[in-house]
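Shared between the two complexes below is chain A, which has chain B as its partner in the first and chain C in the second.
After this line comes the complex of A and B, so read on.
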């Protein structure tokens, strides 16, 4: 058994890296997969809050790197899913506390016993980003349908290609089908037009994400949430299942265009 | 104002014509130009037109060393002075711009066209990528917003051009920019600069160049020159 290491990154901050990491983790773990989520945003940790595990932290990732505890001691088991674990970031240190080699070494230790290691990358293109992508087998790039976020995603894709981590796959987050239909928001087609990489998920804007985040319950645990369902779909696609893209209510044209994009962009 | 030196992209590199004046002054001016546009000149091959100046091997040798410090190769000195010509020959520099061919080269001249120095990039240039080349630049793929190309000669993009491009960066006003979809963030040719007008209708192949001291873009049409 060897875990697949997946890094979720974006370049721009605030587009949903941490939310996506938590929810894809929930999506995978709820099908019985053994999942470890690592918060690589050292100094600005968030993943523990979104997963609702903040009050259980004893040791963190930097403690492991610096040898103060064993990897197992820093792992926090989720309250609801017993195959989901979190390794939190240190809040009192910065990115230089960890090197890309540390990341590779520690994630390799996890490969034996788990199915998936998800790494939540910090924003930016500096050390923290380098740390987060160093061990990755696969990189997911998340962006919002906004020109500035797409620009940063494009830069990130270029850097990932330079590191020979493959082209990566795209998650388009916070899409408002209504605005896309009116022509007030970039559509999936517009974003793929620039980025030209394979799409792995489209997550609609959904208020329940904010509610869930504030309660420390990932939205993928909420059965009636559209965004939650989209994250479950991403998890299934990661496992290699062929899951059609859901119609977000943007009309036939919208759905038709997405499926066309998938056929055109999927062969890489 | 100092008389300026001119830089032109040629088949084998760049041709620099020095202005009239004291040798030390004009070489200083050349070195300042090279230092100021370090990125552009790095790796370039220079031919220098010195007119009828009589120069010795010491002068040419020190110029060659100074250029070498900026990773610039001096390969030819063009002069009408015999002293200069023999000094250039002593240093192993070419004295004209011809490419020498083997003596027994009997291929008919009209089927072999000389090429010009260019780089070809077969990939998408993404935000943050930068390409600098003293010759021409050809891209097969898109040039995304946030990417830049700076070329001594023409820039040709077989794809969508949406980044920043500068053709004729050393001042060659005959340079062009061609793209299947010409919508750059900013387009520069030599000392001219423009931004794309907002798009109307479907993208079509276009060519931007300087005519009557104005930077203009024209749609490509079969048969036009």
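After this line comes the complex of A and C, so read on.
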């Protein structure tokens, strides 16, 4: 068995990379897959708090890179899902403490024993981003339906292709179906029109993400969360399952079609 | 943009302008040519062409377009009215 290495990145900050990494990890692990999530945002670590594992950190990724501990010792097992692990980022160092070669070497060590390695990329297109995509077999680009986030996603898609890590797949996060329906938010089709990339997930804006995050519980562990369900769907699609996309206003739902027909009628 | 928007009813449907703005900014981003650079290019182009033919400098339009993977620089350069040109060249 050889793990697949998946990097979650976005260019723009604050669009949901860390939340997506944690919850896709939960989605995969809850089907019995062995998953390691790596926080590659050195100096600004956050995957630990999103996963609710911040109190159990002893060693971090830079300790492993610099030989102060074994890879195994830096891995924290999630007690709620015993096939889910976190390797936290160092908080007091910066991105230059790790090289792309280090990332490739250490993730290769994980390949034999795990099914998935998920890498949470830092924002930006500099060293931290280069580190995060260096070992990737697959890159997921996450964005929000906003001009600035989609623009940055386009830049990232170009960089990933230049690094021969493409084609990436897109997660559209924080969609408000009601706003899409009334024409005040870019819908899935709009975003796919401009980006020309394959879609792997649509995640609705959902207050339960904040509630869950407040308590250190990844939202995908909550059975009744819409966002949580969307992350489970992404995990299943990563595994190769054919999971239909839920309609979030921009798809082919009844209301979407009607409102688009009305819009088309109003033109010219 | 529909009729009601043009006349100012229902300020809604901002998604359309978001999409239009995105498409425009991405054409420039992808080609690596900023709108400012295009403006400089346009001025140079006007200078060069004006040395040979009289043109309507105010109406010159240089735009970037994209069809599939091909970026294209499109220049629309209207000539000055014939009467005027005859006058200056004779």
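Observations, loosely collected:
By our rule, the second predicted complex is superposed on the first by the 247 of 268 C-alpha atoms of A that agree within 3 Å, B and C clash if a C-alpha of one lies under 4 Å from a C-alpha of the other, contacts with A are read in each partner's own complex, and residues count from 1 in each chain.
Note that in this section a residue touches a chain if its C-beta (ideal position, glycine included) is under 8 Å from a C-beta of that chain, and two chains touch if they have at least 3 such contacts.
Since this is a predicted model, take the numbers as computed values, not measurements.
Annotation for the three-chain superposition on chain A: chain B and chain C clash. More residues of chain A are touched by C (comparison of chain B with chain C).
In the superposition on chain A, contact of A:159 is made with chain B only, not with chain C. Applying the stated contact rule after C-alpha superposition, one finds that A:151 touches each of chain B and chain C. Once chain A of one complex is fitted onto chain A of the other, the partner contacts of A:187 are limited to chain C, with no touch recorded for chain B.
By the document's definition of touching, neither partner reaches A:204: not chain B, not chain C.
When the two structures are aligned on the shared chain, A:135 is found in touch with neither chain B nor chain C. Contacts of A:25 after superposition: neither chain B nor chain C is touched. Shared interface residues of chain A (contacting chain B in one complex, chain C in the other): 151, 154-155, 158, 194.
Those residues of chain B that touch chain A in the complex are listed here as 124, 126-129, 142, 144-146, 162. The part of chain A that touches chain C in the complex is made up of residues 146-147, 150-151, 154-155, 158, 179-180, 182-187, 190, 193-194, 263, 266-267.
Interface residues of chain A facing chain B in the complex, by the touch rule stated above, are 151-152, 154-155, 157-159, 161, 194, 196.
Here chain C touches chain A in the complex through residues 1-4, 12-16, 18-19, 21-23, 25-26, 29-30, going by the rule given at the top.
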